[in-house]
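Going by the order they are written in, the chains are A, B, C and D; count residues from 1 in each one.
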Amino acid sequence: MLGEGILKGLTETARNFLGSYVNKDRLTTVQFPEERLPQIEATRDFPFLVYDGSDWQAGLRCVSCQICEKECPPKCIYIEKSKDKKPDVTGKLQFYPTTFDIDISVCMSCQICVEVCPFDAIKMNVEFEMSSEDRFGGLLLRKEQLAKSNEYYNKIHPTEAAAVDAALAEERAKVEAKARQAAEAKAATPAPVAAPVAGETK
Amino acid sequence: MTISFLLLAAITITGTAAAMSLKNLVHCVLALTLGLVGLAALYLRLGAQFVGFTQILVYVGAVAILAAFAIMMTRSAEPSELSRSSSIRFSGTLIALMVFAVLAWAICSGTSALQVPGPQPEASVHQIGLALMHLFVLPLEVIGILLTAALIGAGVLAMDETRRAQ
Amino acid sequence: MTPMSAYLLLSALLFSIGLAGALTRRNAILVLIGIELMLNAANLNFIAFWRYGPHPEALTGIMFAIFSISVAAAEAAVGLSIILAVYRHSRTTDLDQMNSMKG
Amino acid sequence: MPEMIDQIFVLLKHWLMAYVPGTLQPIASAVLSVVPVLIAFPLLFAITTVLERKGLGRMQNRYGPNRVGPFGILQPMADGIKSLTKEDIIPRTADQAVHFLAPVMLVIASFLVYAVLPIGKNMVIANLNTGVLFFFAVGSMVELSVFMAGWSSRSKYSLLGAMRAIAQMISYEMPLVLASVVVIMAAGSLSTVTIVNMQASYTRIWPHWYVFTPWGLTGFVLFMIAATAESNRCPFDMPEGESEIIAGYYIEYSGFKFALFFLGEYLGMFATSAMAITLFLGGWAAPFSFLTWIPSYVWFFAKLLTIIMAFIWIRGTLPRLRMDQLMNFAWKFMLPLSLINIVGAGVWHFMPAGFARWLIVSLLVVVSCALLSRGLRRGKSFYVRTYRFAS
């Protein structure tokens, strides 16, 4: 008979309509600024720079090797390498970026920069409310805007950050052990074999 | 000669004259509807409500739309040359003018007895229905048959020949 | 009050406009519209004579106008479908080019 | 006292008219009748848009607009300000005059039909002898404005949309008129006021609405389906199918003219709904004799809102029809059924009152409906669709 399916459809929409007032499951919309879904841990959008310690200028892990700049597919990273060297958090002398800009209007969140970075200096952020009225200046992030503390990194990506910290600590321990060994060797035989290592630890 | 009559007459004449002289065929149809609406208003003014609204329903709602459809389907909306060769145009207009002159002469010399209307006659739908069912029942049936035949005939004529052959 | 001759003159003018259009235009659709206009002029005459005539209660003029409108509607439908059929054959609605029967 | 409240607007008008000098009386009377309608129905349009969006949202498991004002009820104002301040773009190749006239004519035609709709007892702008005919005659002018809009925009989408709209409107106008013929037969009048007065009486508590007869019910259903098609609403919104031809005939319009099209469309919907109420649902008459103390205009607008809700419900439920389904439905189902319905109304009129005529007329309608729906289904060959390139 004509009209059977229509009636079936009408009951379904009526159930949806009335049900939406009593049953939360029938209203799947999240009303964004007031309600937010919990973020999953693997969320990522734009890169930021990690620094250790409390002073971002001193603790920046980036040594300005410019690998990320070269690897970036849309070429949104711009780095100027410093002429001089500054001690990093372990006290080793390193180059540092005088300028580190990321144009997030160009960035495509591919995470290649994070994967190529040998120093774990660049990581992916979860900050997404970055709308700006100035599409050139407002979306070009400078070094000071990009620098975020390691604690912040630990907060947004706990598992990943813990792994990174463990790896870094292990490496530093290895370096220190090596240095100690070298120092012991130096103490035993004062030959200038471990000069570069000594230079590093100075 | 009241102002309302002159206004409606002006609308009717402008619309129909534009319909017969504009280049773009769609404009012609739109102007025609203007003229026909003016004519319907004249019917209303004469007290023939039923005919006036039937005029709008049939001419504006059906005939004008049909003509517009035909124009679209025959791709003649693009303006072409205004009309036939100038001699035909001239003689056609001349014939029309002569017809008008003869008619106007006849009207002006003949109808002096009927210049003043009687009291407003009643032409309610009820009376029209009764007249259609009593005195005019045969013409009504004939019109019914004619319209049915026209409906079927128009459908068959407009149908694609390949589909008709199937 | 408007004299009846005003209505009759108006209808005569309408008729002439329709006639002129039917005689001078090349497009078949417009010729059909011209014929419709002439029918309408006749309708106006019917209504005017009904209103000003001696026996308006007989409704003859109105009846004539109603029948005339229905006939005109049928005529328009059939005429336009004929134009469509012709167009399908000759790809034109120009009356001057429909001359295949010309000797 | 209820009588007084019922007639309050009529009395108010008479009271105001007493202060108007004699020469201005006709004009003042017209203005006083027309202006309330010109205010009430656009207001109803504003309310309907927000109700429709909220209702549709709930049916689709989402909130509707709920940002502007409490529960989003000020959304129409925001929309209005937006469309008023938007740039009015006219396509370069468009036919300027026709492009401008189309929305104006649509709105004028949509407003004109309200002249014959009785929105309460003694509340009608013009009690025309040929009211129903006037309604359909002026309603048919909408088609012309749709054509003007579609053609003058010089866009393929709008021309296609206009062609679809006109084909659909012409096809569904016939069942619309034929469905209302049964009421005209029963009432013996084309005047809307007379038709409502015929229905505003009661046997015990039950009203004499035409919808409570077999032919009346069939006529009502046919009228509502045809009215849905006539006002281009879902599931008959082929002319403006958003996913195919974007907005159909008014795609090239922007700013306030677009809003005018929207207004015209909704006004047309209200007008046909109000006509359905007038013809079948007793107009302003109360549904039970003990409820007559509620003012008549309240009943009218309550019925109108109910029908609008039904429209929204239908829109939230049904998918869009295909063009051939649309045409087949109009010509192979609606038209024959409405003709049979007229025969049924005639049989009803000439049979003695009683159970027998109920049975016969109901059987006539139900059997023909079943046969016609079988006929619609026949000739349709279902087959399993294969997607050659997908798998």
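The rule we apply is simple: contacts are C-beta pairs under 8 Å (C-beta built on N, C-alpha and C of every residue); 3 or more make two chains touch, one makes a residue touch a chain.
All figures in this text were calculated on a predicted structure; none of them were measured in a lab.
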item	value
Pair sharing more residue contacts (C-beta pairs) when A-D is set against B-D	B-D
Chain ID, smallest distance between chain and overall C-alpha centroids	D
Centre distance in Å when chain A and chain D are each reduced to the mean of their C-alpha atoms	59
Distance from the mean Cα position of chain D to that of chain B, given in whole angstrom	29
Distance from the mean Cα position of chain C to that of chain A, given in whole angstrom	82
Whole-Å gap separating chain C and chain D, where each centre is the average of the chain's CA atoms	34
Shared interface positions of chain D, touching two or more other chains	none
Residues of chain B touching at least two other chains	50, 54, 62, 69
Multi-partner residues of chain C (at least 2 other chains)	none
Topology of the chain contact graph, where touching chains are joined (line, ring, star, complete, other)	line
Pairs of chains found to touch, sorted by chain label	A-D, B-C, B-D
Touch list for chain A against partner chain D, complex	1-2, 6, 9-10, 12-14, 16-17, 20-21, 26-29, 31
Chain B-facing residues of chain D, complex	95, 98, 128-130, 133-134, 136-141, 143-144, 147-148, 151, 159, 163, 166, 170, 173, 188-191
Touching residues on chain D, where the partner in the complex is chain A	55, 58-63, 313-314, 316-318, 333, 369-370, 373, 376
Residues of chain C touching chain B in the complex	1-10, 12-21, 23-27, 29-30, 32-34, 36-37, 40, 43-44, 47-54, 56-57, 59, 62-63, 65-67, 69-78, 80-85, 87-88, 93-94, 96
Of all residues in chain B, those that touch chain D in their complex	26-27, 30, 33, 49-50, 53-54, 56-57, 60-62, 64-65, 68-69, 72, 77, 124-126
